[in-house]
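Take a look at the structures below.
Below are two complexes that have subunit A in common, paired first with subunit B and then with subunit C.
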Partner chain A sequence: MDKAISFEQVTHTYQANTPYAQNALADVSLVIPNNSFTAIIGHTGSGKSTLVQHINALLKPTKGSVQVLGRVITPATTNKNLKAFRQHVGMVFQFPEKQLFEETVIKDIMFGPKNYGVSDADAQQAAKSAMKLVGLDQSLAEKSPFDLSGGQMRRVAIAGVLAMKPEILILDEPTAGLDPRGHKEIMDLAQQLHDEDQMTIILVTHQMDDVVNYASQVVVMDEGKIVKTGTAAEIFTDPGWVYKMQLNLPSSAEFAQKLVDAGVPVGKLPLTIDQLATKISQLVAEGADTDE
Partner chain B sequence: MSNFLFGRYLPGNSWVHQMSPQSKLMLSFYFVIVIFFANNLASYAALAVLIAIVILLSGVSILFFLKGIRPLVWLIIFTVALQILFSAGGTVLWKWGPFSVTNLSLINGGFIFIRFLLIIMISTVLTLTTTPLAIADGVQTVLKPLKKVKFPVDTLALMLSIALRFVPTLMDEMETILNAQRSRGVDFGSGSLKHRVQAAVPLLVPLFTGAINHAENLSTAMEARGFSDSEHRSKYRIYRWQLKDTVSWLVFLLVGGLVLYLRK
Partner chain C sequence: MKDIIQVKNISFNYADQPLLFDNLSLNVHEGEWLALIGQNGSGKSTLARLIDGLNVLKQGQIIVDGLFVNDENILDVRNKIGMVFQNPEDQFVGATVEDDVAFGLENRQVDRKQMHHIVESSLKNVNMWDFRDRIPANLSGGQKQRVAIAGIVALSPQIIILDEATSMLDPRGRQDILNLVREIKAKNHLTVISITHDIDEAAGADRVVVINHGKKIDEDVPDKIFSNTEQLAQIGLDAPYTSQLIAALKRKGVNLNQQYLDSERLIAWIKQLVSNK
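Right after this comes the complex of A and B.
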């Protein structure tokens, strides 16, 4: 597998050389393979957002270098041609509905592609298929985005990013504040983009269930450093460590942990609902309950 | 932008930080008035020495301070250049069309430059060492006498502190929106003037929408907690006049007298 993104000893200091200076990333090295689904987790203020903003050249490293799809960003990179970095990297910010501004939904979705020089007709085409992808009815196209519900606005904003047809898609807590159904639809969309359109997906999240259900690679951050990388199974083996990182276990593992605490011999903690169900039916079949 | 200091607060525990906000506020006003009395090198030098001492006492490194106000110096230079080119009187040194430079306009321009610089310095020290909320509190204390003529001082102070409170929030939001639109391919700060004005729309519309939302949420929250502007409001933090304030005022008054003595 090719690498889509690599960080080499990246340090980022906000407002360097002032009394306000703050170290947000410290000597971070990381490789994200092409067409992977990477989840970045860590407590608030651990440097997740700073990390992903480097991928889109919204921030430049204070030290070290970042390579994205063959292009290199170093502290010496000038601000002139950053647009080229961003064209192939789509970024969905937290509460992306805040970025809507156009008079109609379709115009807002066309905004991104047009900025990168796509013709009106092509942008419209891209916008329409993006609307379909996120599950927005075409009848909404001429409505004002400010007349829509919160969930629909979120979809418009995501469609606005997808219409640019990025190769890398960064999702920064894309489901915050959504209802359970909206949550599942957005996450399934990410999965679909990964599986069918071969996008490289980077998901910043606090939802451990999403991590085990969707991600192929997990990066754990703490105080501006990457403390662990691996599959979900490798990350969640040690509940004590997970809690120390101010994170949670996935709900299935949490449930199983309670069984363990009650004296049920669960063995290796199940991570998904399916694994948990299998494990419980196994236990029931073995008659391994502890009540008599 | 990140080096820009004007209007920002730097936490600390220096002499100037510890002074009470109302006294700092009045002292800054007083200093600005004294600046306009100075009219020769000696009197300006006295004020410059005073401001240098104030900066030292504020615990901010002088180099960092000067760097922080550098962006504003260009604004002053522009104003001074206009002043020099358009004022008349004295011996003409250079003339081109409506523009002329005379020895008097050069001297005046120099003094205006120093005057602006001193004003910017004292107000930067004020905001660097005083939290926005403390400034609002200071304004309230200073304006208290106006209550006698039924002027809504408390409401004004509340408005001021709410406005100041939301500056960092809106700055954060602007940063996020800037980044979001940048990643959608907007190029802020380059291209023709028309292009730049157009680029402001995707920034300003979301920013205003957000601000209005904040206002609505805040008013709901205030009402839910039973806010009413007719109540007498007590304060969590009370800023008292201290010895440091008295000493500072004595020094400033002394320098003020010195300026009156030194001026032509």
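Right after this comes the complex of A and C.
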């Protein structure tokens, strides 16, 4: 099957039937291919988190239907039937280390698989390979997760999700609050899970440089609607539109835009620092058009 | 210039853990924007908690606006300081956004009419007035942080400590909040300490203190701190964007004799280089 997830005209209303009812998703249709790396971007409150919470059935659509790995969720799906979805869709929330609770690292990671009826021995096996996946040394297995550093705690939390061997992994701002080193480690892990373990990765992020560096497909949300999908190059081609969406450009495009505003003829906005440096060195070598 | 916060030879460790601070000293000047940078676990947040009296010192002294941080002065000290944490969910108490911002004012027995006025202007300041009737739990992460900041602003402290306070916001939201804090700082003559590992946020500070493994390893204006890209890399921090671009240009044979310039000066240099040809 080449599509992992599809949304068909999904509407989700929070606080339905109250004076505060508000559509967090309005008539959203979307296809996410298998083994894609999809970034979901949009300003604060645009509906990104609501969208992804439908993928592992934390939320049900108020209208429309969501299909995940061949299973369908509609407003009529009973809560009892939702558990099956979650086994295949791993969700890493913002600040996932807040959900650690067990006495030891290994027990915490084993909790998920055991919750789905996996035997102790198998859960332990799954936990050990998940630790390896996220780069946690086996010597940490019997430690309390609360004695670890922030970056390590986050890995334990992610390992707990990976131990359930999901086919789809949703990362909701997985690097928030991490320092640059921790940030790169987590993003490289996401890429590795995508490239080597063939997972479908969905990344909710505000970091446009990560979108450029990691995502194969980008979905832009605004006011509960999907307003654009495409590659990073397609999304960031129109700075005026990006700003209208209250988003930022990737750092290099933003710097290039400032150069354009200052009268340096950069041309098509570069997405990476290497592209920008190349362009500037060409301009320096050739001399800018304005002077010829 | 008066030092509004003096940290004198402090030592501290968490229970059953090695010393985090060993004889650390630093001063915060009144009216400055001080950025405290360092990687996760370097002790930045612990230092903020010690200043606010949330953790207790083993040795040394901290003086906030003339008051020793101790049991006797703790309430007065906390009245002078507004702390904005990374995750606002830990701070919510009100049933609605409006109630939440009013909570601190009620605690201080502010007159009801004045309270309404303060709550309104604080929420408008952070662009959340339209959300005043909402339940905080139903807001997105960024919206929650705005409400938390409104709650601090409402109490008009002398010192604001931003503890990774913008790390959950999108880049525009982050810029908005920093601009907002800058505005309030100027209007009310505040001192701001921003604890961050966002180098571009630190670049806007008056002064930068670099903390690594509980030690102050450098202290200077941003220009000087960011010129030392090796040191930043060593402690696991990124170089500012402009430094990265300068390095990338060097690889393409375009040489600048400096490791750091702010955007404005780097743009001027590139422009001159391009049009000199």
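Assume the second predicted complex is superposed on the first by the 287 of 292 C-alpha atoms of A that agree within 3 Å, B and C clash if a C-alpha of one lies under 4 Å from a C-alpha of the other, contacts with A are read in each partner's own complex, and residues count from 1 in each chain.
Here is the rule we go by: a contact is a pair of C-beta atoms (placed from the backbone, for glycine too) under 8 Å apart; a residue touches a chain by one contact, two chains touch by 3 or more.
Nothing here was measured: the structure is a model prediction, and the numbers come from that model.
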Superposition on subunit A - do subunit B and subunit C clash or fit: clash
A:Ala126 touches, of subunit B and subunit C: first, second, both or neither? neither
Contacts of A:Phe146 with subunit B and subunit C, given as first, second, both or neither: first
Greater subunit A contact set [subunit C / subunit B]: C
First (subunit B), second (subunit C), both or neither touched by A:Val161: first
First (subunit B), second (subunit C), both or neither touched by A:Leu247: second
Contacts of A:Asn115 with subunit B and subunit C, given as first, second, both or neither: first
Subunit B versus subunit C as contact partner of A:Gln15, first or second or both or neither: both
First, second, both or neither for A:Pro96, with subunit B first and subunit C second: first
Contacts of A:Asp179 with subunit B and subunit C, given as first, second, both or neither: second
Overlapping segment of subunit C (options 40-48, 58-66 or 76-84) - the one that collides with subunit B in the superposed model: 76-84
Subunit B/subunit C common contact set on subunit A: 15, 20, 94
Touch list for subunit B against partner subunit A, complex: 2-3, 10, 60-61, 64, 173, 176-177, 179-187, 190, 201-202, 205-206, 209-210
Subunit C contact footprint on subunit A (complex, rising order): 14-15, 20, 43-45, 49, 94-95, 149-151, 173, 176-182, 206, 208, 246-248, 251-252, 255, 258-259, 262-264, 273-274, 276-278, 280-281, 283-284, 286-288, 290-291
Residues on subunit C engaged by subunit A in the complex (per definition of touch): 39-41, 86-87, 133-134, 138-143, 164, 167-173, 197, 236-238, 241-242, 244-245, 248-249, 251-254, 263, 267-268, 270-271, 273-275, 277
Subunit B contact footprint on subunit A (complex, rising order): 15, 18-20, 53, 56, 58, 80, 82-83, 86-87, 89-91, 93-94, 96, 98-101, 111-112, 115-116, 146, 160-161, 164
